[in-house]
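Quick heads-up: structures coming right below.
Shared between the two complexes below is subunit A, which has subunit B as its partner in the first and subunit C in the second.
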Partner chain A sequence: MPSYDTIIIGGGTNGLACAARLAKAGKRALVLEAAERAGGGATGAALAPDLAPMPLAHLLTTLDPRVLDGMELERHGLSYAATGLTTTALSPTGDHLVLEGPAGAGLSGTIDDAGRAAWEALRRRLMSFAEALAPFRAVTPPRIARKAGNDNLKLARIGLGLRRLGQDEFREFLRMALINIADVLEDEIADDRLRGLVAFDAVLGAWLGPRSPNSLILYLNRLAGEAAGTRAALALPRGGMGAVADAMARSAEAAGVTLRTGARVGRVLIEEDRACGVILADGEEIRAGLVVSAIGPKATFLDLVGARHLDTGFVRRATNIRARGGAAKLHLALKGAPDFRGADPATRLVIAPDIASVEEAFNATKYGEVPERPVMEIVLPKAHEREAGGGHVLSAIVQFAPHAPRAGLDEARRRMLANTLEVLETYAPGIGGLITHSELLMPQDIEARYGMAGGNWHHAELSVEQMLFLRPFAEVAQYATPVAGLWLAGAGSHPGGGVSGAAGWNAAERILSGVAA
Partner chain B sequence: MSYDAAIIGAGHNGLVAACYLARAGLKVVVVEKNDWIGGAAVSRELYPGFTYSNCSYVCSLFRPEIMRDLELPKHGLQVLPYEGGAVFTRDGGYLATFRDHEANRRELMRHSPRDAEAYDRYSRDVMRHCRFIRPLLLRTPPDPATFRPRDIAELAWLGRKVGEMSEGQICDMIRFWTMSISDFLDEYFESPVIKAYLAVSAIIGTALGPMSPGSAYVLLHHYMGDVDGNVGAWGFARGGMGAITQALTASLRAAGGEVRTGAGVEKVLVANGRATGLRLEGGEEIAARRVLSNMDVKRTFLKHVDTAELPPAFVKRVETFKSRGSSGKLNIALDAAPHFPALPDGAPMLKGDLHFTDSVERMERAYDDWKAGHFSRDPFQDTMIPTMIDPTMAPPGKHFMSCFIQYAPPKIEGRDWTDADRDAFGQTVIDQIAEYSPGFKDRILHMEVRTPRELEAEVGLTDGNIFQGELTFDQLLFNRPVPGYAQYKTPIRDLWLCGSSAHPGGGVMGAPGRNAASEILRDLRAKTEMRQAYAVV
Partner chain C sequence: MKDLRHHYEAPLRTTPFHDRIAAANVLNQWGPWAGYTTALVLEDAEMEYSAIRNTASLYDLCPMIKYRIAGRDAVDYLNRLTLRDVARVAVGAVQYTAWCDDRGKLLDDGTLFRLGEAEFLLCCQERHLPWLLDSAIGFEVSVHDVTAEIAALSLQGPCTASVLDAAGFDVSALKPYRFASFPFDGGDLIISRTGFTGDLGYELWIEPALALPLWDRLMAAGAYCGIRPVGSHALDIARIEAGFLAAHADFVPADQALREDRVRSPYELALDWMIDFGKGHFNGRRALLAERDGQTSEWAFVALDIEGNVAADHAILYDGRNREVGQITSAAWSPSAKRSIALAQVRRPHHAGAKGGLRAEIYALRELHYVKLMMTARMTERPFFAPPRRRTTPPGRF
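Right after this comes the complex of A and B.
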């Protein structure tokens, strides 16, 4: 029987990135994935036998450049169907606004010069903030405690980067750091389509509305991400997001990682206050000197470790990690290509006509209700393929959906689907008649299928009070845990989720730096 | 005749600033557009025999340092602590609250033994956050974007203060400042009515709901006060809130300062980039070495200063400064004490604040209405009957009732309030009270309904925001009111802000007025010393 010195729990993108990085440094790493296929949110099931699988994540927005290069993903099969993807802010009348280039570097559609200039000024400012903040994504968050092993040099460089914005812009940054996106948009932008789009993007995947304070920084975080080597850009891998999962798995295995799928971990084996392996759900025991959990922090501490190995305050903080998912995932199989009133289907299509539409969709979710008119981001993968043939599919992230619906899951899912289709019909008349299969994953479905707490793809809500050195909470913000030999490496750790690998990579770097866990 | 300082607005902050300057020997005049003194800390007789606290209605935040410095008790101010209150629940029950921690704990026990346990932990944690922030109230915020020795020294002082805490405490504090009160309370409590009661202080006066991040900080803002050294306690000013501004006026006059009422300011006079005095609405000019504006920042610069005198970037920030009103007020003269069948007879709870919102969800839904541009259909109200404790405010056997209401937007669906909107708003509130107090409507002798429109028209609060600007992080500390101008100075030399638009913000606290005065005196000393230094050379 082969022996491993490191076990990684969870074969999602962070688990794979972490394992690959550790293997490259000479660790004998074993990745245990509960599902039949590695890749986490980048994987999914097919709606019908002749259709491509529909992964939870449908666009690449924040793939960490260290992971892209370090794992040589392009050599392992990652290529793009589209890079620098354009976004269309859909209008129910066909008067769409098109944003080309990263974060809308260019606008086309009916918008006057003043509107263009206003957007350019706001975009320039936000991009400069995002640029200054981007290096944060690639560091272990600092801790305030003495002897925390902070990377002071890197941190000082980031601080200097912010200061280099100049006095006026630095002041603006401090003013805007915790502001809400709606106020900023209302102050600076007059166009409702643009306001709606940016408001939607800021709260995508979050449990916040655009009027919630602290929502702007989530937009900056999004802008700080890279796809296919460009900041704030969007890309679609050839063959869909599953291609990223496959490339990561191949790369990890090429680096010497052993990947076991269908292996659900039941608990972490702890002897004399030290993690020394895992016990699988079927009872199998696997030992290793180092255990890295790339699943959610809540499940890691409360289910796999257990309260008896942790002190009360720690258990309370782990219990208080907030992980409410607010997004549903819609998959449709269609008889033909839908027509969104002339919008280019090979773009990201966003239905969020104004700020109020996003805010009102969130209102319902606060009370466990389904919104009347949800807002959504739509991708039509077929439009990006050169080869003809095969059926059409539509993939959409629909917000907001209650993570704990009062009406019960089935009823809420039914209403959510009906309301979503009704909105779609307004924007793409006749789409209802094209549907052959439909599937809507509510947050609870996402939790059941992908193991993400609350169905939140960040494992722990991405919000200011759970960011940086507070992610998932202070004591474990540097990937190490109070249990010796046990580390965190998942989306619940800094800098959060999305198909990124950043948290896994950061954790591996931290482990390799020789700091004791 | 020329003054050393002319202060626009006889609200509490204007008077506080005037008092400190007068005591330092400056010749000061306070000009007030209304025929009465007080701004939002005012008592008026609108119905024979009844004294109304028309706007602000309870007292706690007023800094004890100021009370001592200006000898307000000697000038007639008396604060009467009140015991607690009650939250009425829709099922006919209630949650009583008490000033005494143990009594409160026993009552919580009746609703949830687990929450009663958690209450100790909660109080300890919140008080720790309070203790950190209270000393900051009377300090000028440092500007983190400069390298001036003064700002660096202040930042270092702050750093040291933070360093006195443990890592866990610092992180808890940062979380507390940035999270929503709803999330925060969920970490401690399970009972909806207990959470509803505790969430109240986090929404009063703000354009935030209990589920908005940043609302927990607002709770802190309301907890920073004390009555007789009892931190977090609230009380009534004997004779209504106007007693505070009356005492300040007496203190000012004793120090040789003047107050002129019925003197609305038309313009701040500016020559060569510096303020030289005021022109009143009648055309009269008052020359002054410096001008202090107790009006909010928007009103000051957008209505009473020629914007050509200001940097465009500053004007833009003032224009986008958020001061959306969120509250209204009903002031009611009652023929007899209202009867609440849910409460035992002679219950002490009637002497405190009465709430009819028994869950955080109801508060948040009330806020959703505000966001959509309506007043809340099921509003939150913080209702008081001060005459239960202070009989001076109404004839014997009769009562004055103050209802603070949320939420009421500055505009109704984007248009101005009409009288019909106002009346419908008042009716909604009355109906809500009557649900818990049958016969209530028959006891009403007179009623004054105030929406953000009335608050702006009378008190001058832009958009009716009671804090002269919302209390969100983008408008707090060194960001308040405009980044780079958080130290009471403005782009116009010798024009200063001394109202709640400046740090640390609103509430009848007096801190902005005192801080502005101390900045002016500091400036004056610096100049004097410099002159002396030159004289030596």
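Right after this comes the complex of A and C.
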């Protein structure tokens, strides 16, 4: 039987990125993935026998450039159906606003010059903030303590980058860093479609409304992401997001990583207060000197490690990690192409007509209710394929869905689907008649299928109080855990989730830096 | 059910023994303790102390916080919670123990009674329910505050075995830190050979409805030797003589300390003998290992013999060069040891015998004027007073 010196629990994008990085440094790494296919949120189940599987993530927004290059994903099969994807802010009357280039570098549609200038100014400012913050994504969060192993050189560079904004812009940055996105939009932008779109993008995947404090920084985080080498751009991989998962798996294996799917880890083996392997759910024991968990921090500590190996205060903090999913995932199989009142189907279509529509959709969730009129981001993958024809598939992230519905899961799912289809019908009349199959994954369904706590694709909510050196909580923010030999590498760690691999890559770098866990 | 909205009308509860204690409390000196009103002195603190050391004394222990911990994982749970190995405690035995937070700083000390294979009673001074409940995450165990469900009485002094015998309870076979059950008035009385005085003594645990009959039985049985109820002041002198720590006197529970530098580890409170690193993980273990291996303890807990006869409460300690090196936390003139004694926190390495000795800065209030005394303080052994009768089994008959 082969022996490994490192076991990575969870073969999602972070697990694969971490394993590949460690393998490149000479570690004999074994990735254990509970599902039958590696790739986590970039994979999915088939909606119908003749249709491609529908992954949880449907666009590439934040793939870490170190992962893209370091894993040579393009050599391992990643190509794009579309890069620099355009966004259409849909209007129920057909008066759409189209944002071209990364984060709407250009606008087309009915908008006056003042409106364009205002957007250009705000966009330029936010992009410069995002540019200054982006390097944070690639460092271990610093800690104020002796021997914290801070990468002072990198941190100094980031600090310098922020200072380079200039005194006035730096002051603006400090003013805006923790502000809510709605206030900023109401100050700077007049166009409701644009306000709605940016408000929606800021809270996508979060458990925040646009009026919740700190929602702006999530937008900056989104802008700091890259796709296909361009900041704040969106890309659609050829063959769907599953292609990213497959390229990562192939790359990891090429680097020497052993990938085992269908292998659910039951618990982490701890001897003499050291992690020394894992025991699979079927009882098989696999030993290794290093155990890296790329699944959620809550599940890692409470289920795999177990409270009896941890201190009470630590368990308290692990229990209190907030992980509420607010996003549902809709998959529709359609007989033909839907018509969103003339909008280009080969763009990202967003239904969020104004700030209030996003905030009101969030309001319902706070009380465990299903929103009357959900907001959503829609992708029609087949519209990007040259040989397209016949059936279409619609993939949408629908917000907000209650993570703890009062009416019960089944009833909430039924209502959520009905309300979503009603909204869709307004924007794409006749779409209801095209549907042959439908599937709506509520946060609980996402949790059940992907193991993400609360159905939140960040494993732990991405919000200021769970960011950077507070992610998932202070003691484990540097990827190391109190159990020697056990590390975190998942989306619950800095810088969070999405099909990115950044957390896994950061963790691997931290492990290789020689800091003791 | 009682309307809880009126709780403020009676800010302090009374204990099941209150009627008898109120009748005996001729000085009417009361103090609050854990939400109960308790007697500080009933008649004369010196006479009450004298009863503890020479005859028999009764002290109302009801406000002591008591948790019932039961369930399949009770032993594992307590092993993770506390410093000592709970598996070593036999059913019917009591363990003096302590517990820490994640940083290895003391939360409290207390006594752990093993009532059954998987059932314990944890007695302590401070309330810890949130900590105990959060500690139960991942364990099959239930934790209940049973403070109000058990009336507790401390019977201390050299005559107490005889008093119990006269009251109909044969405790001659009971060794220190053991307990046994006796039928009383249709109920179950648990008697443990434990106490806070370092003397021969017992603690009695009974359902509240039987509290007063038990009190009356003991007072009648002890009449021959002049048994008397005692207040907290008398007990505190005996406590200091015995060298026992008290929360808020000798240490600040780590979860209540407002100042970052006030928390103390078991090494800094001379409780490190309790730590069992070999039993598996427990709260604070990693921090304590690092403290042990790195020799990073900053404080030491010491017993001091103070020159003169003025109790050195809260005196600041100085080394030979007049630098502050510590703080007296508990002090008394010990009637039994005939010495001025003190417990103190001393900054390391001054606990190892500072050059030129330590001096205590004592302020004696003499007719409105403070007289400042700089008295020599010598390290000495704890306990200050340890009569062999406290351990003799069967206990002596007096």
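Going forward, the second predicted complex is superposed on the first by the 514 of 517 C-alpha atoms of A that agree within 3 Å, B and C clash if a C-alpha of one lies under 4 Å from a C-alpha of the other, contacts with A are read in each partner's own complex, and residues count from 1 in each chain.
Assume contacts are C-beta pairs under 8 Å (C-beta built on N, C-alpha and C of every residue); 3 or more make two chains touch, one makes a residue touch a chain.
Note that this is a predicted model, so its numbers are computed, not measured.
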(Q) Under the stated touch criterion, which partner chain does A:465 make contact with: subunit B (first), subunit C (second), both, or neither? (A) first
Q.
As a test of reading the superposition: which chain, subunit B or subunit C, is in touch with more residues of subunit A?
A. B
**Q.** Touching partner for A:312 - first (subunit B), second (subunit C), both, neither
**A.** second
Q: Name the residues of subunit A shared by its contacts with subunit B and its contacts with subunit C.
A: 313, 316
**Q.** Of all residues in subunit C, those that touch subunit A in their complex
**A.** 76, 80-81, 101-102, 131, 134-135, 137-139, 280-281, 283-286
Q | Complex contacts: residues of subunit A adjacent to subunit C | A | 273, 302, 306-316, 319, 482
Q) Can you list the residues on subunit A that touch subunit B in the complex? A) 143-145, 167-168, 170-172, 174-180, 183, 187, 208, 211-214, 313, 316, 320, 322, 356, 359-360, 363, 366-367, 463-465, 469-470, 473-475
**Q.** subunit A-touching residues of subunit B, taken from the complex the two chains share
**A.** 144-146, 167-168, 170-171, 174-175, 178-180, 183, 187, 208, 211-214, 313, 320, 322, 361, 364-365, 368, 371-372, 472-474, 478-479, 483-484
